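Each of the next two complexes has chain A plus one other chain: chain B in the first, chain C in the second.
Take a look at the complex of A and B:
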């Protein structure tokens, strides 16, 4: 099946007419980001990976989960239904698509978080396999591929002439999507561009070895941790741009008479993330906070779930202002 | 130059004059530089200095870094622009001048972001601060590494940030408001701008104070505006325009624009340029009877 880039305009238009949101890579603030587009002309094709991950469409940075209103002697508490529009996520890289499966594992684990599942149920993921990448990419080191199909409903591969995509429908949702917008998809096949393969991480990576070393609490005292991580200055850029990071904070906003309860992204790298009300902070140095993030990806998460704690998108490597490269730590712990 | 730097680092560590040298080293692929903390004289050869050394390492001198403090007295590899931040930290009582050994680096400019590096430092990949630099020969040091650099900054500030400021000054208040709301809307509240700044040294930021929540932590229009205004205002007259906040911002918000505009206003109003004099306090934290008050209308 073929989707010609010329017909993308019609697809965007029809999707918009159906009332759905169409999010795709587009330029904003000088970089290519996943954003809601109105016409196909806005869509960028020249990108390695979008600066933000697509997770914000299913797990927004900020959302209201409840409202409290006080009227004289009455307190009115009301839950707020998640705003879950039909959403088409176009041009998502396969690593980001795989990350949706990771988020689902967390948000359906011991409690079904409907604000996530409702959005995911109403979304359709059209991933585009990678034909280029950069030094940050490392999906192959975590067991994924630049054309991994996990989490994708449809996967697109750019044709050799660059004018179209070869489309593969992977799920029922994907097949229904093709049926619904059948006039933009053509039968046929074509040669596709070569898939990009990330460079090997210097020193090599062995995920099983990393898991094994992190399972042994002796590593807590390993002097290699401060060596590797003391330069971290504790911003949330890596966690907020990470497609699998899922921590959030609950905070109340408003005044005495009307308050909104907000669910906002939070980051384990920020110093007060683990600050107790007593004033005690179990992760009192940046080294401990960074170690926790690494352990979350490669020990804590894989112990609970079969999906990936890290999908190798490389955003944390690219955005880190001190270039604390997670792949260097992976190589160190593969020894 | 690097040899001279390594020699000095080796001497400092061997003689026990300092316990750690905070500097720059290569990543494992030798494509980017990253902060390194050298405690063993044998590791001094890991130190490098080149046009990729854009990070302002003075952040590691602030009190938030307890584990770095615990190592003992630091020496720091610092460009003139980085030293400006150390000067402010000294003048504000955050760092004792005697407790840091400043290895001042003669500098011919650095890249705006390491990703822009193509093997050569050209004008268009240098940040605005480098085009107007008054401290290519570092001004407050314990030793200077490198030859004297012959560079006179232009009288009228030049570069992309100042071009934008001039363009901005011609806009209507409504247009300026829309511009900032549009940019701040991209803020994801990761606080990389705050964490990258050695002058944002508070151990408890106003945005972390949640009883009551003074600054809304939500990344919505109101919360983003409040945060970005507070950040800017807390740096008025203190900011040295090192540009680390903008470099660290994953959302590409043009923070240098607001910082440099503020610096221009402070210079005009108080004749003060931050980062040069350890004895003088930044104007917004002191009162002087002769302060101008003609901006109060």
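Take a look at the complex of A and C:
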């Protein structure tokens, strides 16, 4: 099946007419980001990976979960249903698509966070396999591929002439989408561009070895930790840009008469993240906080949620102001 | 349920000033049906809302044997707890829970119990004490060792007086040196020392400890000297929590989510954990 770039305009239009949101890579502020587009002309094809991941469409940075009105000691508490519009996520990189499985695993173990699952149910993921990358990419080191289909409903591969995509429908949702918008999809096949292959991480990475080392609590005392984390100053950029990071805060924004209870992204790299009311902080140094992030990615996620904590998108490497490179830590713990 | 993080409204029915900055609330669900159907087990916790300020986590300090209400005890030490502390009888606040695991009280039938608490560590232990006293015939000897910085800082003073009077409880109260008053009839000394002097028998006994980390540490070695093994000793961990349901990612000790797999652990389990305290 073929989707020609010329027909993308019609697809965006029809999707918008159906009432759904169409999010795609588009230039904003000098970089390519996942954003809601109204016309196909806005869509950018010239990107390695969007600056933000598609995560925020299923797990928004901020959302109101309840509204509380207080009048003369009468409290009116109203839960706010998550707004979960039909959403088409176009041009998602396969690593970001794979990250949805990780988010789902956290938001559905035992208790179900419907804010997440409702949005996921209403979304369809059209990933585009990578034909280029940069030195930040390392999906192959975490067991994924630049054309992995995990988490994608449809996967698109650019044709050699660059004018179209070869489309593969992977799920029922994907097949229905094709049926629904059948006039934009054409039968046929074509040659596709070569898939990009990320460079090996210098020193080599062995995920099983990393897991094994992290499974032993003794590694907390490893003198390599303060050394590895020394540069980090806890800005949280790595966590906020990560497609699998799931931490959030619950806060009240308002006053004692009227307040919104919100669920906002939070980050384990921030110094007060684990601060107790007593003043005690179990993760009181940046080393401990960074170690926790690494533990979460390569031990907690695989062990507790049986999913990947890191999909190798490389964002944390690209955005870190001090270039603290997670792959160097991975290499260190592969020894 | 999409109301996963939505609290239930509760009315404050009673307020007790326990100690400087420490208050207890007796809370009743606004929803009458919930008042009857609400169930929890000793050791479980909840998230308490001061609307306009946010939520704070503490244990349920009452016992499941007490019906129709729940009780919580907290120290005003942050934004939310200060706001809670400013509320009075008749005011409405929020509660969600119960969350977490619980003390395996059913397994402890027929055992002697030693309760050890320091300062504001008494409330979680008190839930089990109440439970044991309400089912007194199910348990053997009951020893309570409770201490705080000063006499004023002791919480549940009325209950302590009552436990003191009962012949079927060995209740030992202590205050740190310098914290005593002229008419203080209890001990003067730190909890671990007093515990060692009291020397409860380890035979067929379960010990529950709750208090500041340093007190727990020294009590563990005191219990060790008294012949307790790590499977006989339980504690409840405290950590910063926001969701209570294993999503927000901040209560973990290594790979253990205290809100989901805890907060109650045996000393044997605690010793196996990552050093994330």
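By our rule, the second predicted complex is superposed on the first by the 334 of 335 C-alpha atoms of A that agree within 3 Å, B and C clash if a C-alpha of one lies under 4 Å from a C-alpha of the other, contacts with A are read in each partner's own complex, and residues count from 1 in each chain.
Heads up, the rule we're going with is that contacts are C-beta pairs under 8 Å (C-beta built on N, C-alpha and C of every residue); 3 or more make two chains touch, one makes a residue touch a chain.
Source: prediction; values computed, not measured.
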item	value
Touching partner for A:249 - first (chain B), second (chain C), both, neither	both
First, second, both or neither for A:17, with chain B first and chain C second	neither
Which superposed partner A:241 touches (first chain B, second chain C, both, neither)	first
Partner chain in contact with A:194 - chain B first, chain C second, else both or neither	neither
Touching partner for A:276 - first (chain B), second (chain C), both, neither	second
Which superposed partner A:322 touches (first chain B, second chain C, both, neither)	first
Which of chain B and chain C A:300 touches, first, second, both or neither	second
Chain B versus chain C as contact partner of A:135, first or second or both or neither	first
Chain C-contacting residues of chain A that also contact chain B	249, 251-252
Chain B residues touching chain A - in the complex, by the definition given at the top	27-29, 31-37, 55, 59-60, 64-68, 114-115, 183, 186, 188-192, 194-196, 204, 208, 210, 213, 216-220, 223, 244, 247-248, 250-253
Residues of chain C that touch chain A when the two form their complex	1-7, 9, 49, 51-56, 75, 77-78, 81, 90-92, 94, 213, 238-240, 242-243, 245-250, 252-255, 257, 260, 272-277
Partner chain C, residues of chain A touching it in the complex	65-66, 68, 70, 73-75, 77, 79, 81-82, 106-107, 109-115, 118, 217, 220-221, 246-252, 254-257, 259, 261, 263, 266, 268, 273-278, 280, 282-283, 288, 292, 295-296, 299-300, 303-304
Touching residues (chain side chain A, partner chain B) in the complex	28-31, 51-52, 61-62, 135, 202-203, 226-227, 230-231, 233-237, 239-241, 249, 251-253, 262, 264-265, 267, 270-272, 284-287, 318-319, 321-325, 328, 331
